[in-house]
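Common to both upcoming complexes is chain A, partnered first by chain B, then by chain C.
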Partner chain A sequence: MTTTRTALAAAVPDDLREAVDGLLLSMADDEFVIGFSDSEWTGIAPILEEDVAMSSLAQDELGHASALYELLAALRDGPGVDADAIAYDREPHEYRHARLLDHGRGDWAMTIARRYLYDTADGVRLEALASSSIAPLRELVDKIRREERYHLMHATAWLQRLAERSGEPRDRLVAAIEELGPDAGTVFTPLAGESGLVEGGALAEPMEALESRWRARITPDFVRLGLPMPPATVDPGNGRSLHGDQFRWLWTEFTSVRRQEPAATW
Partner chain B sequence: MNAGPGAAVVDESAVRNALDEVADPELPVVSITDLGMVERVEVGPGGIAVELLPTFVGCPALELIRTAVEDRLAAFGRPVSVDHAFRVPWTSERITARGRDRLRAAGIAPPIDDPSQARCPHCGSADVALDNLFGPTQCRSVHYCRHCRQPFESLKAV
Partner chain C sequence: MTDSAPLDRETTARQGPPLEPWEVFRQEKEGDAMRHGGSVMAPDAVLAVHYARELYGRRQESVRLWVVRRADIHDLADPDLLQPPLDRSFKKPGGYVMRDKLAAARKQSRQRTPKAPAT
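Up next is the complex of A and B:
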């Protein structure tokens, strides 16, 4: 999309280039990794409806990732730079998704807990970009938010369904939240050059303030359903940089076709 | 519509009429103009430029639609460029009245903001259940009509 390339280059001042690069990469990698995790349910979800739902959610998230990688490719504009190369041609330690998304698919409760925690956090982050000074990003975010609304409805309905059924459903959900909780806040890992993004109007508030907003946002659901609130983030400074073995496994899966046929076009 | 190499006038309205013959690959009962996807058409001596608005960010049909538009407009004998843009967000309000009628006739309820309030496109009943917010494509949900006992789909409001 040549118009996007020109528009983005004009919208990002030189001194914000690196910070915007980091912001776009973190968002794109989040959507990419959760999209691939969701797609693992295709064919094996607990009921047929959820098989369809998780596949459709995955398709949405991979679409968002693709559009964000396109913006990033436009920003980096240079020979050999394209969205697929950014998405697939990196080593596991070079991905910048939140550690929340590193836990592996797990059981259904784990998937619902992860989706709820991520969708609510992503929603707060997208709100903070709704009036961004970077027009192509603001326009994409406007479009993405219209789709994410359905993801949140889905996650919230399932969170409630599992939480209100005592015994195994609730026990598994609580266990999942306890496992993911310490990493939930990593969606708001501070970005390099963040103060410049806020001063330049690219991002409404610093990540720390967004994390407080997010905690306030989820509190009513957690209180009503009697669920354990996510504690303070463990090792917040490395929230997007230290990825474990579970991610290495997923990375091996989602890069396998690309590594077999690097020059293939689709 | 018979615009082609011999057509006398190549202007925006001739191009828009031609685009009205390009069916949506996932919902062939409606055209891309029924869906309100065509945002801008510019006709100049150097070529025809079309700007389309994706209904969903990751819609896998976008490249198919681009090719279908290029194929249809090739008849005008000028270079054609097709761009996808988010400059203006596509929203479900852009679907035309004719588009809504065509969807209903095909058994697909037009979009409404609260998906639980959809009406059955077969019998018009409001006694319906939302089976799944997500359906066979990104833009659709799945319902069941308790009155005529038929499943149906609706377009998501975005």
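Up next is the complex of A and C:
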């Protein structure tokens, strides 16, 4: 822990501290929220094998969230600051995940559409951090990307199966994509201090450029499968704030045990 | 994993292509033989490989997996063909099992041979 803290403190120049804080928080909250939300399939997925697969993907995401919260705790480095406190001890409006993830897991088509849209966007964001000037982040991203490769294979396999099966599977998928579409681009909501991150080499390109990259990346799949491309993001400025009632419900769930005994040692 | 999934799973899965069993073979480390690990239910090869990865590889316990549709395996378990009733031990690389025959021969020869003359 001490090594990480020292390494991270040395890697982040003071003038980038706040911006890096915001970047780490947004990534960690994304992974935490989708990981927790997808874990709701445990025990009720369509078949046992898929139950195990989805639960395992969800666990991977929670693992990524945990590693990112650890980095963030190291960056903040204060008394009482640890990954669990950051993950669980905030009010719903303080979470900075993308609005895309405020849509609940819904039916299987909704979960697959949300996973596909998020995984492809996350993939582009991770790519932009693969050569980051912040070494501890770069090293973590390298590990995360190796696992995300499989997540994307899984999501794409299912997207294709639902899209190519006319009738209920395709109808539900199209409905899910149409519901999520206007919020899909919120993964690329501009961050405070973003230009500093780009100039300092922490992030390869601004979020706006990454969003174009992402749209170009998913276009072949959408064209091939005849699916409606996500339209321009609605209210892009608030893409990571103003979370609605659905997130409040999820927050109540994932903090329920923690709030029962706030001072407990686990 | 099981042929008797609860009803709600069956109802959900009913719409798609039928699930069928796939056998999973795994290699624990480079150079080891591929050993049978178990099986998964999946509608096609791509998902079968995904599920094999989740059930037999996600804890880093394998370096390679082979996934084979069970229907593609030709089964032979006929005792007349595999466990013939007659002594076919001469077909083993070591040839006839000689131990019992030798012992019998020795016993017989001891009985027949007169005592060696005293010197």
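What to note about this one:
Quick note on the criterion: the second predicted complex is superposed on the first by the 264 of 266 C-alpha atoms of A that agree within 3 Å, B and C clash if a C-alpha of one lies under 4 Å from a C-alpha of the other, contacts with A are read in each partner's own complex, and residues count from 1 in each chain.
Criterion: contacts are C-beta pairs under 8 Å (C-beta built on N, C-alpha and C of every residue); 3 or more make two chains touch, one makes a residue touch a chain.
Remember, it's a predicted structure, so these values are computed and weren't measured experimentally.
Because the two structures share chain A, they can be overlaid on it, and in that overlay chain B clashes with chain C. In the superposed model, A:S56 makes contact with both chain B and chain C.
Residue contacts after overlaying the shared chain place A:M153 against chain B and chain C alike. Measured by the number of chain A residues touched, the leading partner among chain B and chain C is B.
Applying the stated contact rule after C-alpha superposition, one finds that A:P46 touches chain C and leaves chain B untouched.
Of the two partner chains placed by superposition, only chain B is touched by A:A67; chain C is not. When the two structures are aligned on the shared chain, A:R165 is found in touch with chain C, with no touch to chain B.
In the superposition on chain A, contact is made by A:K143 with chain B only, not with chain C.
For the contact definition in use here, the residues of chain A common to its chain B contact set and its chain C contact set are 49, 52-53, 56, 150, 153-154. On the side of chain A, the complex with chain C involves touching residues 44, 46-50, 52-53, 56, 108, 150, 153-154, 157, 161, 165, 167-169. Of all residues in chain A, those touching chain B in their complex are 1-4, 49, 52-53, 55-57, 59-64, 66-67, 136, 139-140, 142-144, 146-147, 150, 153-154. On the side of chain B, the complex with chain A involves touching residues 54, 56-60, 83-87, 89-91, 131-138, 142, 156, 158.
The touching residues of chain C, when paired with chain A in their complex, are 1-2, 5, 8-9, 12-13, 15-16, 19, 40-42, 46-47, 50-51, 53-55, 58.
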